[in-house]
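Two complexes come next, and they have one chain in common, chain A, joined by chain B in the first and chain C in the second.
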Partner chain A sequence: MNVLVTVRLVPDLVEPLVVSPQEDNLDWEETSLVLNESDDHALEEALLLKEKHRARITVTAFDFGEIDQVLYMAAAKGVDRIIKISWPHREPPNSLEIVETLARLVPALGIDLVLMGCQSPTEFLGMAAPQLAATLGWSYVGVVRGVEGSGRSEAWRAFKEYPGAILAEMEVRLPAVVGILTASQPPRYVPVSRIRAAAQQVQFETIEGPDELKEPPAAIRRVYLTPVTAHATMLRGSEEEVARQLVEILLEKGILK
Partner chain B sequence: MEYTPRRIIAEAWSGTLERVIRSPSIWMCVGCYTCSLRCPRQIDLTDTVWPAMRDYALQEGIQPPSELRTAFQNLYLYGNVFGHSPRKRLEWTRGLEVTVRDLSKSPEPVEVLWLVGCYPSYHPRNQVVAREMARILTALGIRWGILGKEERALGDCDRLFGEEGLFEMLVESNRRLFERFQFEKIVLLDPHAFRALEKFYPRFGAVFPAEHYTTFLASRLEQLRPWLVKRINARVTYHDNCCVGRRCRCFDAPRKLLTAIPGIELVEMERNREHALCCGGGGGGMWLDAFITQHGGRRLSDVRVQHALKTGAEILAVSCPFELSRFEDAVKVAGAEDRLRVRDILELLAESMGLSEGGGP
Partner chain C sequence: MSRRIAVPVEAYQGKITDLTRECLIAARLLAGDQDEVVAYMFGEIPAEGNSVLQLADRIITFEDGQVGQPVALAQAKLLCSKLDRAELDLVLVGSSSWGLDLGPLMAAYWGVPLVANCQWLERRENSLWATCRICAGKLMVDVEVEARPAVVLLLPGSFLRKEVAPRSRQPVIERETVAAEEWDSRVRFQRWIEPQREDVDITQAEILVAVGRGIERQENLELAEELAEVLGGVVCGSRPVVDQGWLPPTRQVGKSGMIVKPKLYLALGISGAPEHVEGMKDADLIVAINRDEQAPIFHVADYGIAADLFDVVPALKEALIARRQET
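After this line comes the complex of A and B, so read on.
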């Protein structure tokens, strides 16, 4: 079975977000990026399929930000093939651009199963995976937390999570696109020495990105940080001082009389 | 602990080391150096055997405990174990009344390059200690600077935990960083970082003169003494940290600093100097309390606080950023908040110098 995983970089919320001067997007040059969490889980699920079912894994990513480090990490974890999609733009690709590129790539690679994170902060409503399935005319199931073989080569089981802690076991006919929420186990740790070795040894294949940029289905009118409307007040000082301040506040609010 | 150092050596001799690396024991050593010092064949178990065995385990694909995995990933991505933004490294300086030379912004020659360290930079309780250090260095007229948001962990704990690749990566980036600046000496608050810089960085050609703050300040005691005017009338016991103490055999400098403070009566715990019990935070143990207790280990800081309480001391003095939070938690566990306070030596010095932002004992 040939599995394709696509990985994306998203804003790292450890750093403060910076809005562009035009207020129509983030300022991507000032934004630190990190691997999208559910894409990391999609990669882990693919690695588990490789271990259990000898799946062959291809990882793709758009050449945006410091994606090479993520791809070296994927190589160190044991993926078989890495394809980098050229992307000379200052903003990351939107879901339409991702879908168009993957829809072109997937048949050419003979892929049976596409695993991708079912959500990403950089795309509207987590639509990339179902859009890709619709474009390819393939089966789709999303918000999945594990995929496993059923004993029949064309039918696989996906465990889909519903709100309220309900888990559905679904049969997925291949070829399929599966939107991964979490893998069956936490993404594995790979020692940094392995990543550094991969950086010395691994060569990426490269392909061209989409021919033209796609307008997203919904235009962004304005991006802005949530306005601060109120502040918390930290009470400082000794226990007695804090207690006195607290009593004053409660008296002021009329809670204590 | 299923596999003691002696048993590990026996397993290695019998070719069954595979069993050891698949056991939780492999993650339970907290790097106290006791086995290294007691080994009759003088094998440096802590610095060589344990890291090598853990490195082997990681290379074999054995997953470290999840807390440790997170710490490794944070170090890899952000250069600190907390996973905080490097841009926030200077938050401890907020409200500080002394001038902080951020060499990453304006490089200039300094006498002391102070590596603040991850805990003093980010951990609120340790940020107080960092501010006291800034005040003391300034009061002594020392020309000092820091690396601001460019500072990264030195990586000793991940080396002890077998993440040799991560350690090498940090050595390379820190070496390039330090070489950009002119300084006479590096001074550190973190004994583990000091140990890494003193012993392991030179193996990669990164040779920089370094001192832990206790020896640095003790060597300037005559300069410091006129400042120590305020009495701290308290019985104090000192906990020897493993890296500066047992490993580097530096026991006197912290005691000289404490006894120079008027009013302090220094009392020793039953286990002191090279026999001191570890706080349990070294070698990555800082992140593995739950894992260690889950697998039958003890929280050593709880035991150590009992040692301190037996002395009748009112203050447990420390000189390692891990120990403040570990021992303060242990004091709460013991229900002894009204009897014992945990304070870094820097806090006591600053208080006696009239520089302190904290209260007295």
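After this line comes the complex of A and C, so read on.
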């Protein structure tokens, strides 16, 4: 079975975000980027399929930001093939550009199963995983916490998450795109020394990105930091001072007795 | 000319979801008296569903075969084949696990715009304006949608408490048949899997110490556990912590985890993504510690400390122990 995983860099949400002066996008030069968490989980799920079912894994990514570091990490974890898609732009590709590129690439690679994060934090005009499935005419299940073989080569099991930590077991006929929320196990750790070694050895294949940028399906009028409509009463001072203030509040509210 | 707003109805565990009700309220507000709101129900209308569906002008039910099972792929295909998109202005879908599959698939099958993470929606002349909340709730985007129909995935929270005028007449209920060949069976529902209940039920805890991405490493959970012990509480977490396997899924607070209402919710290193806030916003007292003062958790917290949790938590633990020794 041939599995494709697509990895994307997204804003590091632990850091403050900066909006461009034109208020039409993030200021990408000021934005720290990290691997999209659910894409990291998609990669882990693919590695588990490789271990259990001898799947062959191809990883693809647009050449934006420090994507090489992510691809070296993927190589160190044991993926079989890495394809980098050229992307000479200052902003990352939008969902439609990702879908268009992958819809061209996937049939040419003989892929049976695409695993990708079911959502990325910057998606709002489009969602790449389900829209890729629809464009390819393939099966789709998203918000999935793990994929398993079912004993039949064409039908696989995906575990879709619902509220209350309840899972729906779904049978999915291949070819399919599965939108991964979380892998069956946490993404594996790979030592820095192995990543460095992979960086020395791995050869990326490269392909051209889309010929032209895709206009978003709606006009973006303004991008801004979420306004503060209500705000916590902030406790200020040294750690000891804020701790003392908080203890007094908990006493006053009757939470501490 | 009258426009039509379609709302696919999600029923979960035998009830129509609050998010579907919210979509119907939003649809009703957008439609006013002139436009038509049509609810599309997969399976029979649940016993308590009539009051929710009163918000629609028409209810169309699909009841044949497996249509009531939660298979968004087949349901999206069915809707796309049954609905005349030329008559449609908008498809409004709740941004739930089911809706996150159904909405994008419909948009892609039809080749129409998809607006995801929509928090607010209104008409301005001939355009539809949506405000989307992205990047874990830190960023807002205003978009203008001209092409029709559009598919919008609505986040919970903005429309549920909006007043809508009662309808003067009952909705018309129509039943559509579904032929076997109209049902895409490439994805099939097999069964529900309940989580293994762990040591504690966080929905019953009065004090919760919740950890998020800011806890950084599994070994740092000890800090939260020690604080919870001093407070007489229980540790829970947001999605990233559970996804790392540092806490079991039954300790996850949020849209896809548990909905909690403790007396105290102490959020450590949690940014406050809408999906998380949905699970804890009704706590009696919310205290947040996060080094990013922009973090949306401070918009929902009663008290906030903009500092490194690794500095504040040990100091708080010591202050609590000192207080206990005084009394």
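The rule is short, and it goes like this: the second predicted complex is superposed on the first by the 224 of 257 C-alpha atoms of A that agree within 3 Å, B and C clash if a C-alpha of one lies under 4 Å from a C-alpha of the other, contacts with A are read in each partner's own complex, and residues count from 1 in each chain.
Everything that follows uses one rule, which is that contacts are C-beta pairs under 8 Å (C-beta built on N, C-alpha and C of every residue); 3 or more make two chains touch, one makes a residue touch a chain.
Worth saying up front: this structure is predicted, and the values here are computed from it rather than measured.
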{"item": "Superposition-derived comparison: chain B or chain C, residues of chain A touched", "value": "C"}
{"item": "Contacts of A:Pro217 with chain B and chain C, given as first, second, both or neither", "value": "second"}
{"item": "Partner chain(s) touched by A:Pro191 [first = chain B, second = chain C, both, neither]", "value": "first"}
{"item": "Partner chain(s) touched by A:Val14 [first = chain B, second = chain C, both, neither]", "value": "both"}
{"item": "Contacts of A:Leu235 with chain B and chain C, given as first, second, both or neither", "value": "second"}
{"item": "Partner chain(s) touched by A:His89 [first = chain B, second = chain C, both, neither]", "value": "neither"}
{"item": "Touched partner set for A:Ile255, first chain B, second chain C, both or neither", "value": "second"}
{"item": "Which of chain B and chain C A:Glu171 touches, first, second, both or neither", "value": "second"}
{"item": "First (chain B), second (chain C), both or neither touched by A:Glu123", "value": "second"}
{"item": "Contact residues of chain A, present in both the chain B and the chain C interface", "value": "14-16, 186"}
{"item": "Of all residues in chain A, those that touch chain C in their complex", "value": "11, 13-17, 19, 26, 37, 41, 99, 118-119, 121-127, 129-131, 133-135, 139-143, 157, 159-173, 176, 179, 181-182, 185-186, 217-235, 239-240, 242-244, 246-247, 249-251, 253, 255-256"}
{"item": "In the complex with chain A, residue positions of chain B that touch it", "value": "55, 58-59, 61, 63-64, 66, 69, 72-73, 76-78, 83-85, 87, 163-166, 168-169, 359"}
{"item": "For the chain A and chain B complex, residues of the former touching the latter", "value": "14-16, 32, 34, 186, 188-189, 191-196, 238"}
{"item": "Chain C residues touching chain A - in the complex, by the definition given at the top", "value": "12, 70-73, 96-98, 100-101, 104-105, 107-109, 112-118, 129-130, 132-147, 150, 186-195, 207, 213-214, 231, 240, 242-245, 249-250, 252, 255-259, 263-264, 271, 284-288, 292-294, 296, 298-307, 311-312, 314-316, 318-320, 323"}
